[in-house]
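After this come two complexes, each holding chain A, first together with chain B and then together with chain C.
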Partner chain A sequence: MRHHTVLETWLRGLAIAVIVLFFMFPIFWIVLMSFQTNETILRSPPSMAFVPTISNYEAIFAGRLDSNVASMDIKFLGNLGNSIILSVGSVAVALLLGVPAAYAFARHKFRGSEDIAFTLLSFRFAPPLLVLLPLTTYFQALGIADTYFGLIWVYQLICLPLILWIVRGYFEDIPADIEHAYRTAGHGWFATFRKIALPLAMPGIAAAGLLAFIFAWNNFIFALVLASADKQPVTVGALAFVTASGIQYGQIAAAVVLSIAPTLMLALYAQRYLVEGLSLGAVKG
Partner chain B sequence: MSNVLLKLDSVSKTYRPLRRDPVHAVRHFSLDVQDGQIVALLGSSGCGKTSMLRMIAGFETVTNGAIELKGRAIHTLPPAKRNVAMAFEGYSLYPPLTVHENMALALKSQGVGRVELDEQVNSIARLLEIENILNKYPSSISAGQQQRASLGRALIRRADLHLLDEPMGQLEPQLRAVLRGRIKHFIKERQLTAILVTHDQTEANALADRIAVMEDGNLQQFDTPETIKARPANLFTGTFIGEPPMNIFHSEVELNDQFLKFHLGTDVVLRFPESAFSADLRDQLLNVRKVTLGVRPYAVRLSDVGVSAEVYANQWLGDQSHVAARFAAGSVISVSHDRVSTKEGETVCIEFPVTDLHIFDTRDGSAISHGGKPA
Partner chain C sequence: MNGLAIEGLSKTFKDQIVLDEVSFDVDKGETLVLFGPSGAGKTVLLRCIAGAVDQDSGTIWIDGHNVTATPPEARGVGMAFQNFALFPHMNAFENIASPLRARKSEPTKLEESVRAIARLLKIDHVLAHAPRELSNGQKQRTALARALAAEPGLLLLDDPLRNVDAKLRFEMRLELPRLLAGREATVIYVTQDYKEAMALGNRIAVLEEGRIAQIGTAEDIYLSPSNIAIAKLFGDPVINLLDVVPDCDERGAFFDLSDQRIALDFLPEKAVGVPCTLGIRPEDFTITKADVPNALPVNIEAETPLNEKTVTLAVTPLGQELLASRPAGTAIHGQDSAGYVFNSRKILFFDSKSGLRMDNSHSNEKRSE
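== the complex of A and B ==
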């Protein structure tokens, strides 16, 4: 093993610190903003010294947005709920459909299997705006515009290809003979899928699920066009803070902090699980 | 009395990769395996032996033909319904389970009780010298240990047929030699039937009752190890079996002055009295005319008479001498159990005894005679 000099270690630490600072600063700044009033946020030059206030959070939980000129209702907590329903729902559906499909694509080469897999991936190629207009017309005709069902369906465009392609790779990495060994021992293919393939691919499934959840959570454009106010997720809901009397930076910051909290917690939880799964790994002989 | 346990009836396997030419991995392979027999599928890489094994296990579909195990056609059944156990070349242990759990899993699902289960696992572990790693996970043990665990997982099963795919490829030579004996004893004692896939002749010779030599998807010969060595059915089997390989010379036959003369090129002639061959065989040889002679290295004698050749290598391996010499018709290797003192550059005389001469038809490689007797 190579030994590092003190200087190397120190430089390495510095580099990591700079990178962490670079990526964490916006979040740090948002958190600071969420405890300030619009006036302290907008003062020039900006300063880190201020008297913290929780008025922004109070406004969000109370559902009332008070600015110096007007007062209006906001449904941010409702938006948060919508985000959870839409993201959890769409990831669940995508896992339910995508994981078995990924297994099929990984294990069974049939005529056209690559073409189908590629078609599913191609959902990610087109810009969402391209499909939104016809989709809106279809959804209105089908009567599923502005429903959770319809939105979750559209969200499959984001989640399903992602899960399918990531999980497929994990299944392909498991030597088929591990499953064969289980099958010769008198187990059918479904038991083998459930008892051998699924647990071994679990770190991959968790990673794909987490990624799909983040993409679904951050989606803006589908919900903007296809959902009305009571179905909108936080990404669209945050627009409410852009009011005629100005942008309510403090409340936006508080809303952002609240909306990144669930994904952050999920990521932290899954991260622990991911590491556990990977250290079990060493699937290859 | 023995019964046919496994019947392979003209089994073929053709892979048809997309946009590429089909690959004929196994062609019209027919073979009967008797109850309690150990059969080795022996051949070089890519000869179709593993494809054959995987068809029996059910991981590959059979393109043509039928496989019967204990009288029931199994080639259309899923692997779970075939009642075969298999040890995989890539070990394929379940990563989240310990070696003990890996070996016990199949018995557990067959409802074997805890005490008996432990007893069996321990007994197999002792046999394979892996008692000390029973509580370890596959990722933390060596390849050789994983291979033994995988072999143990297959041997512990109560199955109609045990399939062993290169079961000892990763083991050290010393351990391999010890385990060969133990595994054979284990299989015979329990009256198991096993098919072993290997490219190691020593392993096939030591373990198998019968060896099926395969090449390019075809069965070349299926016989006992002794017969395959003494009476190879064709040139391929003759040269494939035996280490160092059989010396080969192309020749033309001629009968002259009561001697059967084999012309090796233009300069070398091997003469044998015509009485060494039966009349029929003589006629056949003269009829075929172009034949390939094969002599095993241990049958080549260095003596005072015979064809003169120049020695270019002489290696003493501790228990045998390998002498390589060049003569007008090519080069020849002689093996003797005594230490040979000849040096590089010296001229020696080599003799090919007729009793050890294998004669093959040059056109199709089929054997014509072994030791002066018709094949």
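== the complex of A and C ==
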């Protein structure tokens, strides 16, 4: 056990505090803003002293945006719902397709397997705008523009390669002998996948799923072009706060806080699996 | 036939021949040791038998069934891996129980069987532990217990004692034959340790570069190795090799060593006038005085004890190092200049060019049933 002097401990604490402050400050500031009115936000110089108000949250939950000039309807909660449907849906589909595919690429080297895996990765190379125009035409012809189905399909461009490539690495790290041992013990290949490969790659699957969720949640451009108002996620919906009579900073801040919340909760939940992965890794060798 | 039969098994990895037409039979209940240097193809061969690796060609029969195309789970073999390959997310109990679970064993019977095999292997007190909490010895015993749990007809043990310390290895070497004896299982045991090979197997198959170089009892292989490499693998201290050109004249067979004529009682016909490598086991040398007739003239350089033996290192006038061993505690006349005498009937004659043994060669001989 190493012993630290008081000064060392103190300096270490200070360093951590500085870093946390640096990274957390924008979020902290947004949380503060979400409890203020536009007047207190925009005063100069800015001050941390204000009377907190929950009017911003009220406006979002009520679906009415009141400014000093006019009031308009917003569907922020609907947008939040859309974000959840789209992100959860596309991550679920990507996991369902990507995890077995990753296993196949990791364990069964077949002719052209590397090429297929690379092609899937290359989906991430093209700028989204490049594919959007033809995609819009196709989607309209197929009648799946402005549907959850169509959007979740497009979101696979974001989620699937990510999950495939991260999870594949985790499958490759599982010693093949462990799977051989399970099969010689008398279990079929599917049981081996389910009882050995999946649990041992779970930390990787959790990490990849979380990342894919964050990317899907933060996606803007696909939904902007392919979805109409009632299918739009929060990222696009937030544009509504930029009104003719000015930008509603307070409401935007409240909306941001609400839209960060699901991702944050998911990350906290997934942390359990990520840490479990670290302790399993200690077995190797 | 019962047991295991391998016919013409070949495997190539990226242009490298790992197994080259390997064929052998093992009787039901027999223990065959697969022995050879690392990279000889032992582990790949074992994996082909288990079904973990697909061979390029050849046939595998287990208990009379052609299992060449059978998936590993249906071959009914038990296997212990060199690196244990325990399931890290299951405790020792579940690891051992896994073959029984695959066979849908009754819960009470399953529990009973696991505890019985664990008791036998002295790991019943750690059944609730995860593999990472086990010592190396306990891991290895758990892996063995898992291989034995379902009482398979064919047991494949891939150098199971490789990764445990010397004391445990010795303990297990004593325990294993007793453990295997009551099971009537055919056992294939892979090892790189010739003492383990000689202690455990009914027969030993020596693999060299993907081929079976020799197959026979431990005694067979020790007394008549089919080539120089095998002669060097078996025996500690290692066999002495002496390059000479033996010849025959009116006074009998002989060879010259630094202008000194050494007579031979026995010389294979093929060896006359041909460059030969003589293999002489250290225990077949007796140290005498330098002027004894037919003694190899040597200078004694050093002596060292090795397992209950005293090993002497001596050098011939030509600079060849020769080892002699004798039971510890027996004295020799203490002088530097001495002679090594030997019984020429115990000499092994190898062709220097091919490395193969010359007299009634056993090389590549297949066992006929």
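In this section, the second predicted complex is superposed on the first by the 270 of 285 C-alpha atoms of A that agree within 3 Å, B and C clash if a C-alpha of one lies under 4 Å from a C-alpha of the other, contacts with A are read in each partner's own complex, and residues count from 1 in each chain.
Note that in this section a residue touches a chain if its C-beta (ideal position, glycine included) is under 8 Å from a C-beta of that chain, and two chains touch if they have at least 3 such contacts.
No experiment lies behind these values; they were computed from the predicted model shown.
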{"item": "Partners on chain A (chain B, chain C) - clash or fit", "value": "clash"}
{"item": "Which superposed partner A:Trp189 touches (first chain B, second chain C, both, neither)", "value": "both"}
{"item": "Touching partner for A:Leu200 - first (chain B), second (chain C), both, neither", "value": "both"}
{"item": "Which of chain B and chain C A:Ala49 touches, first, second, both or neither", "value": "neither"}
{"item": "First (chain B), second (chain C), both or neither touched by A:Leu7", "value": "neither"}
{"item": "Chain B versus chain C as contact partner of A:Leu129, first or second or both or neither", "value": "neither"}
{"item": "Which of chain B and chain C A:Ala141 touches, first, second, both or neither", "value": "neither"}
{"item": "Partner chain(s) touched by A:Ile178 [first = chain B, second = chain C, both, neither]", "value": "both"}
{"item": "Doubly contacted residues of chain A, that is, touched by chain B and again by chain C", "value": "175-178, 180-189, 196, 199-200, 280, 282-283"}
{"item": "Residues on chain B engaged by chain A in the complex (per definition of touch)", "value": "57-59, 78-86, 88, 90-96, 105-106, 109-110, 138-139, 143, 146, 150, 153, 157"}
{"item": "Contacting residues of chain A [partner chain C, same complex]", "value": "175-178, 180-189, 191, 196, 199-200, 280, 282-284"}
{"item": "Contact set on chain C toward chain A in their complex", "value": "47, 50-52, 71-79, 81, 83, 85-89, 98-99, 102-103, 131-132, 146, 150, 156"}
{"item": "Contact footprint of chain B on chain A as seen in their complex", "value": "175-178, 180-189, 196, 199-200, 280-283, 285"}
